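Presented below are the structures under discussion, each in the form of structure tokens.
The same subunit A turns up in both complexes below, where it pairs with subunit B and then with subunit C.
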Partner chain A sequence: MDVEAMHIANGIVNGTVSAVFAAFAALALAFCAWRARADLDDRLAPMAGLVAAFIFAVQMLNFQVLPGVSGHLLGGTLAVVLVGPWVGALCVSTVLIIQCLLFADGGLTALGLNITNMAIIGTAAGYLLVAGLLRVLPKTPSGLGATALVASVVGVVAASQGFVFEYWLGGTTQLSLPWVSGTMAGTHVLIGIGEGLIAATTVATVARVRPDLVYALRRFRKPPAPVPATTAAASATVSGGPA
Partner chain B sequence: MTRRLGWFLAGGLLVALLLAGVVSNFASGSPDGLDATARQGCTFDSHGEITGGDCMARREQDHQLADGPLAGYGIRGIDNPYLSTGLAGVLGVLVTFAVGGGVFWLARRRSPGKV
Partner chain C sequence: MGAGHAHPLHLARRSPVHALAPEVKILATLLFTVVVVATPRTEFAAFGGYALLLAAVTVLARVPAGWLARRATIELPFVVLAVALPFAGHGDRVTWLGLSLSVDGLYGAWNIAAKGTLGVVASLLLAASTTMRDLILGLDRLRCPRVFTQIATFMLRYLDILADDARRMRIARLSRGYDPRFLWQVKAFAVGVGALFLRAYERGERVYLAMVSRGYDGRLPRPEAGGATTADWAASAVLPAAAAAIALTAVLA
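Right after this comes the complex of A and B.
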């Protein structure tokens, strides 16, 4: 079975808008790289390589969502849970760049559009959901799985609407925008559920085997408990009060 | 890097290689959500060429690197489709791990006092 192209091809969105998003994607990735350095240690760096390789593999596995329509994992939420938002966005971008250059999937002109949607918008939306949900849900393998499931659906639909925004700005055809938005949202809710099941299984498995390798379990902690008023007042007197 | 982490990475990589090398051959061949949206409104012949109608895919242009040896997740010159897709997947996983892992490893924060 041939794996077909699965990202935005050249010519769907015009050259000017594609160039603007290429510049935006480059800036966003530079910012991610800057923030990622604080997270990248001896343990996270090889883990990030594995997450990228795993996302590449699973993106090849198109699953049927409707008659004649399939979908595949995008990977943003999975990456956020395992290696954090900044490194995660870089992992998804690595996959997209290799797919574009080596496998001719996703137009070269459209690379900035694809990175913006899947590596930046999808990852950012997934991150907001994961960070929010882990304040409420238990930090157990099942809690983490449920978090990944819900965040994946939101992340994938957000990424699909990124395309709609780009098409609105520079689409080369004049299709009705509500139709494009509705069709993309509808199919991507289903794709998001599929992605969510894969992401949930993966993160729950890693959380069982090596919980110390799950970024979301180590770093997304609740803010430290407020210091009791008396201690705070005492330390204020010591450090900054009248001497 | 500890030996325990090494085993975990090896296991994870093995799963990725199996998914891309073997399971990929059982993936759905239908266009994905984006591609299906881009094709809606047009009619196609058995070769996938547009025969009429109006859709986004009408304005689609060829990939600049469409003649590459791995273009379209296959290996040019290998006729067996299972072997071609599987090997392309295995190569993709290895290249992604090498490039991604290599860049992240070089960019990592080194703990002071450790080489």
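Right after this comes the complex of A and C.
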């Protein structure tokens, strides 16, 4: 079993601050669930499940960043591009809840903190960048890939600074804050670049083969082609078509 | 991979803890962890009491201690942080074996190590005694919003698909003599990840259609009876109630 934990454990941040952030996370997720209801149709529900499963699975594939420091995807930006900000935040938090309950990764009382950092701050930062960058960059697979790369780096670093903020509010020990902030930002830029490369290639591949599945491109699409035709054509492309 | 309802941390046993309804176990774990985290860090005896409570549950659930200890290594990075604290902390310092240690740092290290370990062990016991499917059922019965249980259900369905496809692709890659594992080979890794996503989506789409055609309506079928009995609630309340009693006595004394 790999020794790695990106998630905050119990007892790192004090009880009061944990409770405040748990309440904040619950409110934010309730809002997301309300907004997601409009998005979560028959097509997006399984996609949301797959994105969650994918984030879950890819979080287990570690790659070396520095000696002794391994990184894995947080997945926020990937979720934003593929299923939108509301469902995306719900996907990431579902992963965090299941990891906490079934894999003991991240403390139960720190769940609010972890959700705030990774599912809300990371996703929101990623979404703002994706929405902004897609206005100027070409709406092609490579443009989308570049967007995902930049948004991932910023989203991951923003999420890591969320921890620094919580630690400043209610850290149970006195470590110098600039040191914590600098260490977190430094390692997370590297993690973000790795995450960005993976997210970029994934969304570029999906955009190339199944553009109908990319939520971020929905707004820019011409009147949608009949769905069954698109699906059939795309499946034929993937399987190489009839010989 | 045949057992689709198990997960790596599940231990199939017959024990009173395994037999409890999932929702009462989730609630008991949550309340216990809240009590542990809320306990002031100077109440050393209370933490000993919590450890004894968890030991009793471990014996009841017939979980081997070695298994727990190995799985608990997931919190090692935080223990490393804890070891660094006495050296890096500020405030009053004490000298011990010629080392100058910060008092606040020592308390902080103890706080993280004790609360972290107790929380991890409690979660591990929940995971060891509950299958994934039961966990979702429990969350559903605790009135967890349906959008979560829906996403979680699909996530668990698709995890096996992803794992199987990833294994096939890995074997294909290895049999062609390529094994990317360094930073400068991340592109090959990422291309593989993109392909994996599409393959899994195409399979997942078929799984979803199969589920819909068999009557799936956004919720997995639930056993008609089931649900926690009063005895279940009473049995599971013992853990958080005992913990709360220990915390109260420690704080009042």
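Criterion: the second predicted complex is superposed on the first by the 217 of 243 C-alpha atoms of A that agree within 3 Å, B and C clash if a C-alpha of one lies under 4 Å from a C-alpha of the other, contacts with A are read in each partner's own complex, and residues count from 1 in each chain.
Assume a residue touches a chain if its C-beta (ideal position, glycine included) is under 8 Å from a C-beta of that chain, and two chains touch if they have at least 3 such contacts.
What you see is a predicted model, and the numbers here were worked out from it, not measured in a lab.
Undergrad: Mind checking the superposed model to see whether subunit B and subunit C fit together on subunit A or clash?
TA: Clash: subunit B and subunit C overlap once superposed on subunit A.
Undergrad: On the A-aligned overlay, A:R210 touches which partner chain: subunit B = first, subunit C = second, or both, or neither?
TA: Both partners, subunit B and subunit C.
Undergrad: So, does A:L101 touch the first partner subunit B, the second partner subunit C, both, or neither?
TA: The answer is both, since A:L101 touches subunit B and subunit C.
Undergrad: Using the superposition on chain A described above, determine whether A:F21 touches subunit B (first), subunit C (second), both, or neither.
TA: In the superposition, A:F21 contacts neither subunit B nor subunit C.
Undergrad: State whether A:Y127 touches subunit B only (first), subunit C only (second), both chains, or neither.
TA: neither
Undergrad: In the overlay, answer first, second, both or neither for which of subunit B and subunit C A:T201 touches.
TA: So A:T201 only meets subunit C here.
Undergrad: By the touch definition at the top of the document, which applies to A:A57: first (subunit B), second (subunit C), both, or neither?
TA: A:A57 contacts both subunit B and subunit C.
Undergrad: For A:R37, decide between first (touching subunit B), second (touching subunit C), both and neither.
TA: In the superposed model, A:R37 contacts both subunit B and subunit C.
Undergrad: In the superposed model, identify the part of subunit C that clashes with subunit B, out of 41-49, 113-121 or 221-229.
TA: 113-121
Undergrad: Please report the subunit A residues shared by its interface with subunit B and its interface with subunit C.
TA: In subunit A, positions 1, 3-5, 9-12, 33, 36-37, 40, 42, 45-50, 52-54, 56-58, 61, 63-65, 87, 90-91, 94-95, 98, 100-105, 107-109, 172-173, 175, 209-210, 213 sit in both the subunit B and subunit C interfaces.
Undergrad: For the complex, give me every residue of subunit A touching subunit C.
TA: For subunit A paired with subunit C, touching residues are 1, 3-5, 9-12, 15, 18, 30, 33, 36-37, 40, 42, 45-50, 52-54, 56-58, 61, 63-65, 87, 90-91, 93-95, 97-98, 100-105, 107-109, 172-176, 194, 197-198, 200-202, 204-206, 209-210, 213, 235, 238.
Undergrad: Where on subunit C is subunit A touching in the complex?
TA: Answer in residue numbers: 7-9, 26, 29-30, 33-34, 36-38, 41, 70-78, 81, 85, 88-91, 102, 104-105, 107-109, 111-112, 114-116, 118-120, 122-124, 126-127, 130, 132, 135, 145, 147-148, 150-159, 161-163, 166, 181-183, 186-187, 189-191, 193-195, 197-198, 200-202, 204-205, 207-208, 212, 218.
Undergrad: Can you name the residues of subunit A that touch subunit B in the complex?
TA: Touch list, subunit A to subunit B: 1-12, 33, 36-38, 40-58, 60-65, 68-72, 87, 90-91, 94-95, 98-105, 107-109, 160, 163, 167, 171-173, 175, 180, 183-184, 187-188, 190-191, 209-210, 213.
Undergrad: Can you check the complex and tell me which residues of subunit B touch subunit A?
TA: 1, 5, 8-9, 12-13, 15-17, 19-20, 23-38, 40-41, 54-66, 68, 70-74, 81, 85, 88-89, 92-105, 107-109, 111
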